[in-house]
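In the part that follows, the structures are each spelled out as structure tokens.
You will see two complexes here that share chain A, one where it goes with chain B and one where it goes with chain C.
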Partner chain A sequence: MKNIEIKTTQQRTNPLANVFDRFMQFCQSRSLFMLHYCTGCGAIELPPAMTSRFDMERLGIQPMVTPRQADILLITGYVSVKTLKRVILTYEQMQSPKYVIGICSCTVNGGMYWQSYATAKKLNDYLPVDLYIAGCMPRPEAVIEGLQLLQNKIANNDGHSWKDYFQNYDYYLGNQQHLFGEDWQTPTDIITEAKHYGLEAEGTYGKHTELLAKHQHPLQPLPLKTNN
Partner chain B sequence: MNLQSNDLLKKFKNIKVTYVRDRRIRVDISHEAVANFLGMIKGQGSYIHLSAISCVDWIKDNEFELVYHCWSYEENQLISLHTRINRKEAEMISVYDIYKPAEFFERDIFEMYGITFIGSPKMEKFILTEWDGMPPMLKDFDAEAYVMDTFNWTDYQPDWLKDIEKEGGGIAIKPEDIRFHATSPSPTDD
Partner chain C sequence: MSWSELLAELFFMPAIAFVVGLFMVLMMRKIAAKIQRRVGPPFFQPLYDIVKLYQKDTQVSHGLWHDIGIVMAVGGYIGAEILLPVPGFDGIADKGGIITLSYFLMIPSLGMALGVGQCANPNGSIGISRALTAMLAYDIPFIIVVFGVAWHFQSTSLVEMVEYQQVHQWGIFEMPLLAFAGLFALQGMMGKHPFEIYVAPAEIATGPMVEMSGKYMGGLFVMQSFQFYTAGVLYTSLFLGGGENWITFLIKCFAVIAIPISIAYVFPRFRTEDVVRLLWKWPVMMGLIGLAFVM
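Here is the complex of A and B:
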């Protein structure tokens, strides 16, 4: 297991505030809502992990059904190129801070579908992945250990991969465009969000975001009408 | 319906009937006669269930083989009807009029092999709605080459693995088993 180094850079000067921050991080790490996006066969190990046999809930991790109210996006197995689009839309709808976990060898390197034209390899090209749990498929114990690792990361103020999506948006967008074509656009305007969170960085902009800006049309509210 | 004693079979030229097993009959027939034959075994036999149409790409013979699997609930018997068509023209008469489920099987074969079924109600994309390359099940589609220049690979020996190896963990893989090396820089950096 990897040792987690504690980041002290963001400590505030007031010691009381510091304690408060640590306390908040601890609480946050013990209350995680998990959106399990069951893309592949690895999802089979989740019901036992979540329910009475292995009982994830005793660690404070609960399943959630919508992306807007979830903290963790759990990708369970192979991601086809078509699904990957939906996964990205789902990820972008989640509120920060958010974490991505790739379960199964298929999310690491395509697994046994490494030769398939339809399966995306290497999930972290397209999304900032916090943690991979390899295995074909990983046992519930491994899933739970992985989630505990994530909890430790959050408690130790180390779970900041989600910021990477804003700070290096051009890289992720570039890979997405490479796979989905140049007219790829999601409904979420990541650059505006990055500005809003104060997370703009050098990597936010680049030639891929320029390409996006050329054809991006702003999201319109749906017209209000009744069906009669 | 006993195919062996059936006079109806005499209507078909170039037909070859093989009794594979008790409940399994293989019929080879020319592609013009497929619709006629299916109409007969459905109408006069009891083969009412077309459970699948499968396709094989015989690239060296320059032919596609289509297999129609028909099941009878009365005889408890499966007839698989084999036929071959030209690979270049890649056209076949639809059997949608005889078996309605053929619509989906034919549409599937259309997108995976590029065979057009004349008279099929909806010859368009089915599952691969976001794919615009060549039909991927064709033997001359090189999936591996496509994969190699579309995707990146995770490195087998990343730096962070050393920390884990120090603690006794790690990946056990022989160098000769490594299929690919991480392609860095990423394909988008060109």
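Here is the complex of A and C:
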């Protein structure tokens, strides 16, 4: 088990810049687009949370359908090994700042699928999870309370665990390779992105990224051809 | 008009349009919420969304045309705003007229097509091909309406049309059939249900918007507020006598926008071919009959 150490960004010295930052964080916390990856049974509690009974939109949270537009990746239930690959691809395509929420006990520790050979047990081994909402399955009230917790975190300049994926990429990649095999590669080049945005740290590189570099083949554009 | 006045108008007209457009977006979301028996978003939600989107730390650009496409999408509407006369500001409306405006209204869709094309996402390509088909569908009745109105007022200048209506009576009483056909075209133009198959979130993942992230999506949100404002003001100028003052003008604009939105959220959507069939049949028919009456 690894302890996530999140380095919060420094407060700026200029008071006006501070006010500006606070405003930006407030806007970020009050507008969250949610991509709900309905992996398991917990997904069934989301429709009531979104529709007229509990209405998430009054908190500024609304569903979005593509990873590019979304801020929150909501994993609702057990993650099988096959699904986890898709979850990781989805997560890597999202634009930072991005947040991961694990709903259901199954994402926390495997839940009732603990003995299954086909499910990933702990989500935070593979992705930096901001928040878990435990329960089998959690009620919409619990989901909404969890989302409010996340909003408070963001508004208090505390929602930076997405940086951990860049700064400790080697750790996450190691766990992914352990599960998917050594030649595991995603279309998004996390190391180049980390370099580009200045998010590298010691943990970005390691023996797992070396292994990745050995197997990595550059992405080719798809061939242009019709189906005949 | 002096240069400084003109520059001030060129700045203030899009700025006002943006703010009013944000309120229109808020109204849309509130109406949707009320129809679905929800509370709906807080007052500043459209603003939060746009600020949040422009705040994203990482951005994905798929190339130069992707960037230019968004600029065209927003720029087309900004260009349209200064051609729309509002109380107190005429901008360059007397120079442009409604024909120039019709061209400007096509630029955003074409810009989107360029930008989305470079994203190389199949969902986006499907979406934009549907969007352009829908544009073809609603532009035919729209052009018939524009032609009929211009013929009736014997002018292509929006300023003159508004002046005529304020002296005589509103266009909607003189050309009710054209006004109704115009309302149909408006529904298509705003891309709302039942004509929003090209967005179709559950099937093609918001179509043209599928690869838009961060500031690109922010650009599209800005575009949406301009789009609502443009649609409202254009219809008000053609049929509801434009604006005598800001209060009645804004009431009219908001009322116009509220109609398609209220219709939108109680309908599912038509398929693309049905959109074309429907829009080329009923509004075109009504428009042509209305045209015969004004000729």
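Quick note on the criterion: the second predicted complex is superposed on the first by the 214 of 228 C-alpha atoms of A that agree within 3 Å, B and C clash if a C-alpha of one lies under 4 Å from a C-alpha of the other, contacts with A are read in each partner's own complex, and residues count from 1 in each chain.
Note that in this section contacts are C-beta pairs under 8 Å (C-beta built on N, C-alpha and C of every residue); 3 or more make two chains touch, one makes a residue touch a chain.
This is a predicted model, so every value here is computed, not measured.
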(message) Let's test your reading of the overlay: on chain A, do chain B and chain C clash or fit side by side?
(response) fit
(request) Would you sort A:Gly60 into first (chain B), second (chain C), both or neither based on which partner it touches? (result) second
(request) Would you check which partner chain A:Asn156 touches, where first means chain B only, second means chain C only, and both and neither mean what they say? (result) neither
(request) For the superposed three-chain arrangement, provide the angle chain B-chain A-chain C between C-alpha centres, rounded in steps of 10 degrees. (result) 110
(request) Would you sort A:Gln115 into first (chain B), second (chain C), both or neither based on which partner it touches? (result) first
(request) May I ask you to decide whether A:Arg68 touches chain B, chain C, both, or neither, giving the answer as first, second, both or neither? (result) second
(message) Contact-wise, after the overlay, does A:Leu179 reach chain B, chain C, both or neither (first, second, both, neither)?
(response) first
(request) Using the superposition on chain A described above, determine whether A:Gln216 touches chain B (first), chain C (second), both, or neither. (result) neither
(request) Would you sort A:Asn18 into first (chain B), second (chain C), both or neither based on which partner it touches? (result) neither
(request) Would you give the minimum C-alpha distance from chain B to chain C, in Å, for the three-chain superposition? (result) 24
(request) Show which residues of chain A lie in contact with chain C when the two form their complex. (result) 23-24, 27-28, 30-31, 51-52, 55, 57-58, 60, 64-66, 68-69, 71, 95-97, 193, 197, 221-222
(message) For a test of understanding, state which residues of chain B touch chain A in their complex under the given definition.
(response) 128-131, 133, 136, 141, 143-144, 146-147, 150-154, 160, 163-164, 167, 169, 179, 186-188
(request) Quick one: which bits of chain A touch chain B in the complex? Just the residue numbers, please. (result) 1-3, 81-82, 85, 108-110, 114-118, 120-122, 124-125, 171, 174-175, 177-180, 208
(message) Using the touch definition from the top, list the residues of chain C that touch chain A in their complex.
(response) 29, 33, 36-42, 44-45, 47-49, 51-53, 55-60, 120, 201-202, 205-206, 209-214, 217
